[in-house]
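Going in written order, the chains are labelled A, B, C and D, and every chain counts its residues from 1.
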Amino acid sequence: MIGYGFMGRTHSNAYKRLTDFFPVQHRPVLKAVCARDKEKAQAFADNWGYERVETNWKKLVEADDIDLIDIGSPNNTHKAIALAAAKNGKMIVCEKPLAMNVKEAEEMVKAVEKAKVPNMVWFNYRRVPSIALAKQLVDEGRIGRPFHYRATYLQDWTISEDVPQGGQGLWRLDAKVAGSGVTGDLLAHSIDTAMWLNGAITRVTGKTATFVKERMHAVSGKKEAVKIDDACMFLAEFANGSMGTFESTRYARGRKNFNTFELNGADGSVYFDLEEPEYLQYFEYKNIGTGKKVDSHTTGWRKIHTTNSEHPYMNRYWVPGTCIGYEHTFLNALADFVMGIESGTPTQPDFRNALQTQKVCDAVLEAAKSGKWIKTGVKL
Amino acid sequence: MIGYGFMGRTHSNAYKRLTDFFPVQHRPVLKAVCARDKEKAQAFADNWGYERVETNWKKLVEADDIDLIDIGSPNNTHKAIALAAAKNGKMIVCEKPLAMNVKEAEEMVKAVEKAKVPNMVWFNYRRVPSIALAKQLVDEGRIGRPFHYRATYLQDWTISEDVPQGGQGLWRLDAKVAGSGVTGDLLAHSIDTAMWLNGAITRVTGKTATFVKERMHAVSGKKEAVKIDDACMFLAEFANGSMGTFESTRYARGRKNFNTFELNGADGSVYFDLEEPEYLQYFEYKNIGTGKKVDSHTTGWRKIHTTNSEHPYMNRYWVPGTCIGYEHTFLNALADFVMGIESGTPTQPDFRNALQTQKVCDAVLEAAKSGKWIKTGVKL
Amino acid sequence: MIGYGFMGRTHSNAYKRLTDFFPVQHRPVLKAVCARDKEKAQAFADNWGYERVETNWKKLVEADDIDLIDIGSPNNTHKAIALAAAKNGKMIVCEKPLAMNVKEAEEMVKAVEKAKVPNMVWFNYRRVPSIALAKQLVDEGRIGRPFHYRATYLQDWTISEDVPQGGQGLWRLDAKVAGSGVTGDLLAHSIDTAMWLNGAITRVTGKTATFVKERMHAVSGKKEAVKIDDACMFLAEFANGSMGTFESTRYARGRKNFNTFELNGADGSVYFDLEEPEYLQYFEYKNIGTGKKVDSHTTGWRKIHTTNSEHPYMNRYWVPGTCIGYEHTFLNALADFVMGIESGTPTQPDFRNALQTQKVCDAVLEAAKSGKWIKTGVKL
Amino acid sequence: MIGYGFMGRTHSNAYKRLTDFFPVQHRPVLKAVCARDKEKAQAFADNWGYERVETNWKKLVEADDIDLIDIGSPNNTHKAIALAAAKNGKMIVCEKPLAMNVKEAEEMVKAVEKAKVPNMVWFNYRRVPSIALAKQLVDEGRIGRPFHYRATYLQDWTISEDVPQGGQGLWRLDAKVAGSGVTGDLLAHSIDTAMWLNGAITRVTGKTATFVKERMHAVSGKKEAVKIDDACMFLAEFANGSMGTFESTRYARGRKNFNTFELNGADGSVYFDLEEPEYLQYFEYKNIGTGKKVDSHTTGWRKIHTTNSEHPYMNRYWVPGTCIGYEHTFLNALADFVMGIESGTPTQPDFRNALQTQKVCDAVLEAAKSGKWIKTGVKL
């Protein structure tokens, strides 16, 4: 495990719970955590039960007793670690976004594919049962010809001008470390989900904004210009002919984790909101069993409480009506990754798939700069 | 029209809009309004276009140019007016509750049935499209064997001790005029809807409360003991074997007109809330078309936006997605009454039907006094 | 009244109810309705109580006994009628969108301003109590520095390829008559509301789509190419520095009249959805009374049931907790128009104000064609 | 750990996660699990990491290396185990309901109090952050004089007549093992929460029903009469003068885990629904900071997303906007228990407190039999 921040915690939790909940044949062993600050890394290791601590990730990547490298450190470190880990034949699971840009991501894809090491990017939201159910409904043909996709990812935690950039927990506000702002952090999730459910995004136009122009930098101790995008909105064309709107921001007062999407097709629609993850909303117009329209006086948006045992992942947990938490999305992802290796059918998204999301992110940023529609070059 | 208060307005509006929206063969003519306060009655007549004003209801009841008497005056006047109107062969439409008690109600039923005059009680909520749709779903067999019925009617407008009892608009707080408090005013609605949807209530036990013991009386100008029930809750047995809970109050902070019901059956459930009247919520477990269970991973409570032309009454109004207002429930009721006469199939609830609701109200109040289960004697 | 379609009904209803609900000094007299089809016009006149029928709008515009011309006919007739009516010194109330394009709209503004006749465009949604309350909250300073505005107007009634274009009730699908598709019909509403609440839109980029390429034309009886936009989405910059996303379509399965907006500011946010018009959602971060942040453990989106007497327009109707219907938005608009004349302070939006909305519509369509950001030239 | 069923899993999970999330000084060691079926117990032990397995709970209770006994076995075993564990000086944490009836519960209270062993009953819902927040709002004085409390606990999993009674996972349907049906299983939760938030329940009347009269018994292999209550509803008086309605059932089609409550007071109200546990709804009428009424045009029910770090327990988990799962309520409870011991301030509910809930359950069942109001004798 490289990194001990927010994602260090969610991933560590997943490793520790894996065999409690999933019938996998391998039990993860928490060998080592690596971070530059030895004291904090040690505290983290003590808390979560890692056997040892390293302060140089190169040691970890070369260690004989380590089979898998988990890259949970800031975005600007992903490439170097992944390349070294691949070279040493380690399995790699990497936090999203995969890289600082497409160029880096392409190098990383090349490295893992050459080394033939199992690899995954932690787009954990695919493992929210409600989102996985949306995918299932799409695959069952319940949506029909798609017309519209709309997604938002809204938060409000950086409105205050007093929030510093850089430093522990706040490197996401520092462009040198994060690459971009909400585009890589939040929109990457929205784009990954969108292309999983609705196919390739082919062309985009968009706009970014930076509302607070200067913030204290936690490392330099000085006010510095803010270089990340505080907000980003874009329009999209999908390969299947449908249209999309996307928006993300950390300036939407009252929205904490408002990651939503809606897909409208001729035969049905689905809507999801991460702030109430236990629901998937579904409008059924045509019933796939009978092939006929639903009785028109009974149609309506239904809130599916996705906690029954037949819902994705839920047979591993409790009883109908009881929710799982945010961290289980990482646990589900890890289970898919391990079972993918055990079964010989690798799970998605791997690095190559995540590269496609990176392409859209880069195209959006380029569109925002140029004011023009930009082709993404996505290949799914 | 007897009475010019809140209900005087809603009924007058219905008479004036009837032919704008419904294909009836008769056009109401607003002949006269009657109230003791001549000046206020005149202002009301001017506003709504009544031809003349009376201060003595007996004159109205005997007038040759009047075919229909609308009793919108306080509860303690219903019986005398109805008896006289029936004797004079007038059609009668009466505000709910029908009477001060079962004894009065029985006299009124006898009078209108002897006189064979068309009669209706304004239980307007049966004409909310969503509630009428609930009835349709029940009649279509979508609910199956019923197990539970629960209803609330919650308001919060009398919490302040400064609200007086008696007088214009506030006679509902005066036991001498209103008969009972929330039981006759709010629970009567809940009971009427419940028995329409789920059949006879056979036995009840309950409890009432008066939270504010004294209020200024608007007529006497003095503080007087409050004799009405501020709140009433009761448990019920239905003839069909299902169980019911009912509660009404004017002390539920934040609830304005929270008239809700839920009916749970083996094959489906419905839920309604008058604060969002454009929705009926429906949980479909078994599909009546296929006779099979709905695919279990797609079940959920669906919010039916009851504004399509195929929903009850809605083909008379605007376009899908546009709501109608509270007053249209009275208009719909009037249209049903008039079309019932024109077609020879009287609409419901008539006096006899409303008497059954009165029986439950009286039984609830008796149960509250005695602490025992009381049989209602309802005959549907 | 020119036109007897959907809008003919909503406007006629407003004229007939005006004095029932509002304390205005003038009582509308329904003199004449005009339409090319005499028989249908007569039936309409009989239903609503118009004194006479005309088949040539020029006669109406010149009639001595007529003070006000209501343009409820298709978009391609607005300009000629408005110019003639202005020349004859009539008051004019015109359905939206004001015109087929900015050029026409500018002529119309010039005409009414030269003739100094009272004029209004029926952007009725400003008169939804919840939307008027949103405006009030903005004006009270509860939102603070604005960051984001997002609006959707989604319907689903043209998904079937069997819906014809042109003819009674369907001219909105015929580009020659309607000018544009959802842009003029639905987005015009969204834009009017947006600029009322959040100020001028200065620049846009966007995209339109026509999903069904050919439809039977009800007039020609032949399949013809569909020239209108079935869907339109655009990004916007506001003069105040905030960003906007807008989308409208008639292909969003399950959305009937999903006219929503959300405004996010530093101190608060509001959200509205026309499918449940009785609510305005409000997130209060800073309290304007105390000037302090709301206790953080109690913050949340609150659903304001906008039916209390202190809410806009609601003191004219029933009691707290009882909703008004869609058509009351026209009644409220008419009341504002009449009271504006009586008080000497004209109500908004007049033709000049509606011209600004037209500018945005035209800029969006131009952006959709060119793929570029377009300046709107809006002047508020 | 005695028992390896549903509750065995939730408790085991809590022990394993405790130190990952809470800064306690003691780390639980999973010494042994006990169940009659050795094979299943062994599988459970392997899965969760228990050191050894026992088939006789007496051995466990007497083991020197065991400090705490967790009673997760069926209700009819609680008393004997608790008495023996107390005698051996073990700490005891017991699943709810505490006992089969008040008599048993009283013996258990006496035993633990005599032995002075730390004890707790797993009424885990007090540890849902939203419910704990409701308690905080009450304690802050935000509700004011209470008028009404209403609770439901609705499920639908036993509607089918094919569900057997007795046996693994289904002993809750067997009266000999469970004592009662929904009263002890579901209503016990509702009552515990109600008395925590709103004080003692003093008097009740109620009714139970058994809808399916016979079920296959999993142990005997024969159809046997069903002796438990399938549904139970009751009315309550609280010591503080407010009124309550309670209902629970396993026959409410569409309700999975619909554990709701609402408390209405003069100054504010709260509402909670376990199916969306991340929200507490709050209606603020009077602001406790200013002592004044909230601006009336801005009042509404607000949905507090209880995932901020200032909400109860949430500083131990992730970031604002991310939910925790059902099992964390057990983890929170365990943390409170351990920290209560470490700090010297025992947490609640202990056996004595849970006895009060048992008194209400017994009174409800007696009322249901007798048809009379019954005094509960609760002492808080």
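Things worth noting here:
The rule is short, and it goes like this: contacts are C-beta pairs under 8 Å (C-beta built on N, C-alpha and C of every residue); 3 or more make two chains touch, one makes a residue touch a chain.
Quantities reported herein were computed from a predicted structural model and do not represent experimental measurements.
Most remote from chain D, judged by the distance between CA-atom centroids, is C. Judged by contacting C-beta pairs, the busier of the interfaces B-C and B-D is B-D.
Inter-chain spacing, taken between the CA centroids of chain A and chain B, is 53 Å. Our note on geometry: chain B versus chain C, Cα centroid distance of 36 Å, whole angstroms.
Work out the mean CA point of chain B and of chain D, and you get 40 Å between them. Contact of a single residue of chain B with at least two other chains is seen at positions 279, 299, 301, 305, 308. Touching chain C in their complex are the following residues of chain A: 147-148, 150, 152, 154, 156, 159, 205-207, 209, 211, 231, 233-235, 237, 241, 243, 245, 247, 249, 251-255, 262, 264-269, 283, 285, 299, 301, 371-373.
Interface residues of chain C facing chain B in the complex, by the touch rule stated above, are 6, 9-10, 13, 16, 19-20, 47-48, 155, 157, 256-258, 274-279, 305, 307-308, 317-328. Within the complex formed with chain B, the chain A residues making contact are 133, 136-137, 142, 279, 281-282, 284, 289-290, 292, 295-305, 308, 310-311.
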